[in-house]
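Below, chain A partners chain B and then partners chain C, in two separate complexes.
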Partner chain A sequence: MFRKLTPRKENLAFRKMTRRALLAGTAAGTAAALARFPTPAIAQAAPFKLGLLTVKTGPLAQGGIQMEQGVLTYLKETNYTMGGRKVDLVSADTGGNPAGTKTKAQELIERDKVDAILGPLAAFELLAITDYIREQKTPTLSVAGADDLTQRRPNPYFLRAAAASSQAMQPMGHYAATEMKLKRVVTISEDFAFGYEQMGGFQSAFQQDGGCIVSKLWPPLVTPDYTPYAAQISDCDGVCQGFAGSNPLRFMKAYANTGLKYPVVTGETGGDDALLKSFGEEAIGLISCTPYTVDLDTAGNNRFVEGMLKNYDTIPGQYAAIMYVSCQVIAAGLQAVGGDASDKEKFMAALRAVSLTDTPRGPVKFDHFGNIVGTFYVRRLGTEGAKYGLKLWNKTIKTYENVSQFWTWPEQEFLAHPVYSRDYPPLTKC
Partner chain B sequence: MTGRRIGVAVAILALIAVPFVIGEVYYVNIASQILLYAIFALGLNVLVGYAGLVSLGHAGLFGVAAYVTAYLLAAGYGHLVAILAAIAAGLVVTAGFAALALRATGISFIMISLALGEIIWGLAYRWISLTNGDNGISVATRPAPFGLPLTSARGFYDATLVVFLVAVAACAIFVRSPFGAALCGTRDQPRRMNTLGYHVWMIRFWAFMFSGLLTSVAGILFVYYNEFISPQALALTASAEGLLMVISGGAGTLLGPVIGAALVVIVKNVVSAYVTRWNFVLGAIFVLIVVFMPEGLVPGSVRFWRWVTASRRPRVAATVVERESRP
Partner chain C sequence: MTFWLLLTVNSVTFGGLLFLLSAGFSLIFGLMRIPNLTHGSMFMVGAYLGTSLLSGALGITLNFWLAAVIGAVEVALLGALMERLLLRRLAGQQLAQVLVTLGVSFMAADLCLMGWGGDPISVATPPALAGFLRFGGAVFPLYRLAVILIAAVVALALWLMLERTRLGAMIRAGVDDPQMARVVGIRVSQLFTIVFALGAGLAGFAGMIGGPILSVYPGLDQDMLPLALVVVILGGTGSLLGSFVGSIIVGFIYNFGQALLPELAYFILFLPMVLVLALRPQGLFGGQVL
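Entry: the complex of A and B
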């Protein structure tokens, strides 16, 4: 295939004579390409350096760009200050893969000497750098779910202002069993850890309140058409979907086209407000439980939503909101240490102790693993209450306050179980 | 001959000096990445460049070695055991790959290698009890050969450089050996080689094994560098990236893959810090390479250099005629 491209005969003739020149050239080229980029020495009055690990290219880019917009909205609102210090934001694109995330984390920590990191987006990215940020003692506030990073493999330098993967699904399971009176549910979610943990949370809470899971379906992450999976849904009175990215849009279409009418419940990604502009009639009636809702009518949230509309003409979803909240947490922590983040242990302790009352997602505080204890909102998708020129709206119908990642179970009992997986909790006869 | 030796010595000294020249830890790490991907590209180049067999499944071989290393280390085995087992596993899987893929050449070979690579990726992704699925496996420590710890960026760079130089030397010896010549023969004239009594299949098989060995070594370095492995490292995009390194640098040359690896790693990690649309930059560079130097950067630059030096010389009518009369 490549034979045509390369004039081999000629090649062989001159390759020998010039190899020396090439070798020297290569070495010089490598050295030149890697030439040092000067970074200013950190002085006392230097700005607070904030690193953002996000995804701006590839399939996860939509969420990653929202993350950056949330951070920038906060910084514009506060005129690039946090806790009395000027802020210097360094943004890095991980490309959505673990090796890229590691390199970019090194870039932020070793080259740019950031004081704290926001991000990364996906659980597998965070897992690739968790040991590294612990070694480097860099406070990291991420949206990534990965239950175990605040459960069985906690990292003292990690804070999660969003929700552990299973956290929102536990109140959802409770609501489905007690208020929607569902008895038999089919779960469907992507075939990866985030999906397993969401569905595990739903199943545990739902079964505790008398529900039963009929079957679990796991389409691959990239599924061109969900119709064959929707066709397998039967013998139930409700469906729980845990799709992420733009997959909820396509699933709800396939679901409606298959003629299914069972009520559908979902979590933070499946009903994300950023999807509202893209959902059609077929999604009406979707019940979701999320850590953030654009519907929350508080001064803190209105200011945030207006900022997002003014700066980016975009309705914020949870990624933007959680990054904005994470910025508020960093600002409060920095305030508590008098603007001096040089003692990383002290700064981290201050961040963990942050307690805020008026963020876009409501009150925020952290448990001793660094995971959010906050309000979760159950919403119904419909036309009622739609604002900002949208046709569809997620109307809040119930709020659960002070929801911990352990839901109603004692911490010890919860942690004694293995992490939720494809086969845990197991299906029981129903 | 002595001139070339001096050139090689200067290049080696320059590579040793890289950490001192650039100083900053981050860029030393980038240099380590360039070297480890260069080993991967050198391995792939044995097949693509010298055997004329384009493989789209090499990230699978890379991943087998990386996963075996990570799994054994996580299970509590020592570094030596893990590394030897990883190379052994890499070679066994390579043999399996070769036995299946070498039934064909050309497009069919590409498709078989692609399918095999995807099978390995699928296993890494779905055999969760073994590989921990997309959550991946973390490696706690780097080894300390001869009491020299590789935890620092410098230490790791030096170790990678030693492995890299051995790999380059091995490739150079391989290419110049009668076996290397026979391999190029099977690329250019397989039927004639067959007629001459060479066992074409066997030559290709051993070339595949050599390629697999280098790829496995790169996989082990990768897992030690990142201290983490997850299925993304085995995906089709990783195989394609390796192929881009080889083709952009110059397939079938010793230095081409090294330059290609440097190009891809620098654009991916350094340029992306300044340009949001770095994919576009990478794409544009590849288009330019294909348009102006279709044979790759290294042979293309040599051709360009010869053209420059030739045009400086006074033109004599006779030489022009002679040049044109060449086939």
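Entry: the complex of A and C
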């Protein structure tokens, strides 16, 4: 390539040089280069390698594509730099399954020698690699919720800038009991850990403030039509749903089609802003509590949303936002260690100590388990305040600041319970 | 009472939708002797094409029914092409054909993801059917009732086609005994293309009709294919009556199973399939086209 661009005359002159002269010349050049830069600077001139584990195929792709868009929006905005270093992004598609995640994580760490990993998306993917990233000491920032990874089975190399599965549902339970004055609620969520942990968080907080759970429904992850479940909802004054992916859409439709009118509350996936363009009128009135809201009017969030619109013509949801925030955390951590991520323990300690004030999700800091302590937003879905050409909008109606994964309970007391499950907390007489 | 009524009506609705999906699946299975594993993809592609037509991909916004029919015709053409260009080359090698249909289903899923993105698309109910019918304490969406009617009309049309037309007679002969059909001068390979296109078109149509209930999203194909498989194994391959009865049975099992024994919902759904395979492998109405 280079030779082609060289003018012919010089090329000829080059050929006439003796081999010895050429060698001497090259050696001199190298020596000069070495003299000009001290050694550590050469190490840092190598790009910072950032690995992204995402899902670009299959049913989880919607969130996975948003994750990548969030990362790229950050990198484009900063011209591919973090903490003064050039960034090299290596993106891998896990296919949304644990085995694929393990393979891709190994590729990223052992072949590409990445300095940090963003992702993966789902809790079961993260669980497949948690021991491996601990062994390899690779800082990993994921959106996956699995409570215990920052609670009873913490991983020192894991940071979560999103929320533990139950984290957003705890303020939601408080809001439902104290402000919506709900007394008797039916919960419905997918029959897997993310669903159990969300509903467990809701139930604990809701009961603490005087509410009561009438029954819990657990449809399988794949449920083409939710009507049979909606038909079981009765004898209550509210419903809490914890669906993810495209399921909230179909649940809200079946719910409206069954003629039910009780208010519905949900968490970060059930009311995600990325679904706003897909929801229909049946979702109006849905109350959600989330770690990110596109409605947040701050300089940090406006810059992010505009970047997403400019680059991808897409309204960001939580997956894009959290990945963008995770990039900000890595950049701040890298800055703190002077751009040198080679000492992994030092780099990880710096990441955990990061405290930011203006990210798209508001202020960000971490507890000693590496889980976010941040603001959570309660929003009402309606037409009011709709922007960016959308018909529907999640309008913020209350914010909870400095929410920890332990909500209002002391850490010891919280951790003494088993992790939230299908049967914990148990149903009480109601 | 309301609970039972609601579930009963919904069972029939869901059964109707399953019939639209599985009638073609059953005919293809019966005639070509292969489970067409792209059938779920055809359902999904029909829905995606339909939503694009609805939102004005042709420059004009079509109404719902026109979008569903044009989407179905497009999927039928895709089906015909697939049969001509891929399956035809593997004539007689049934395992290879099944594997090809499986491969194409993965490719179709990725192409849809590229074309329509990962966001779920919700399909608006046609305005004329957006209302509810109140009966006792229960409300029934008009659209779901309309789905029952559509399924009944399609079932009748298919029955007339198979029973009263020359094409129908040829299909019946082909299902019954392809060798004999060939000997008496029926061009069975041409029949394959026609039936494959017809089945694909029906699946595409079902996708759009199911749109307002299920919405369209990546993974819809994999959600629907097992249901079609259950229906056809239950009812018997190649049998129109079988897929009709099978659809209604599965519709009831699906709805009542999930409502009454949610822990066992999938167990109950697949149990009849296992029993039929063990006790009556040809299915309830296997071997009879009508």
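Going forward, the second predicted complex is superposed on the first by the 386 of 430 C-alpha atoms of A that agree within 3 Å, B and C clash if a C-alpha of one lies under 4 Å from a C-alpha of the other, contacts with A are read in each partner's own complex, and residues count from 1 in each chain.
Methods note: contacts are C-beta pairs under 8 Å (C-beta built on N, C-alpha and C of every residue); 3 or more make two chains touch, one makes a residue touch a chain.
All of these numbers come straight from a predicted model, not from anything done at the bench.
In the superposed model, A:57 makes contact with both chain B and chain C. By the touch criterion defined above, A:178 reaches neither chain B nor chain C. Touching more residues of chain A than its counterpart among chain B and chain C is B.
When both complexes are overlaid on chain A, the residue A:92 reaches chain B alone and has no touch with chain C.
Within the superposed three-chain model, A:396 lies out of touch with both chain B and chain C [touch as defined at top]. Of the two partner chains placed by superposition, only chain B is touched by A:103; chain C is not.
Once the two complexes are laid over each other on the shared chain, residue contacts for A:228 go to chain C alone; chain B is not touched.
On chain A, the surface patch touched by chain B in one complex and by chain C in the other comprises residues 56-57.
The part of chain A that touches chain C in the complex is made up of residues 56-59, 61-66, 217-220, 222-225, 227-229, 231-232, 234, 245-246, 249-250, 253-254, 257-259, 274-275, 277-280. Residues of chain A that touch chain B in their complex: 1-3, 5-8, 11, 14-15, 18-31, 33-36, 39, 56-57, 92-93, 95, 97-100, 102-104, 106-107, 110-111, 123-124, 127-132, 146, 191-193, 421-422. Listing the residues of chain C that touch chain A in their complex gives 3, 6-7, 10, 14, 109-110, 113, 117-122, 124, 132, 138-139, 141, 144, 212-215, 217-219, 222-224, 227, 254-259, 262-263, 265-266. In the complex of the two chains, the chain B residues touching chain A come out as 3-4, 6-8, 10-11, 14-15, 17-18, 21-27, 29-31, 33-34, 48, 52, 54, 106-107, 110, 126, 128, 133-136, 138, 140, 187-188, 222, 226-228, 230, 232-233, 247, 250-255, 258-259, 262, 266, 268-270, 272-273, 276-279, 294-296, 298-299, 301-302, 305-306.
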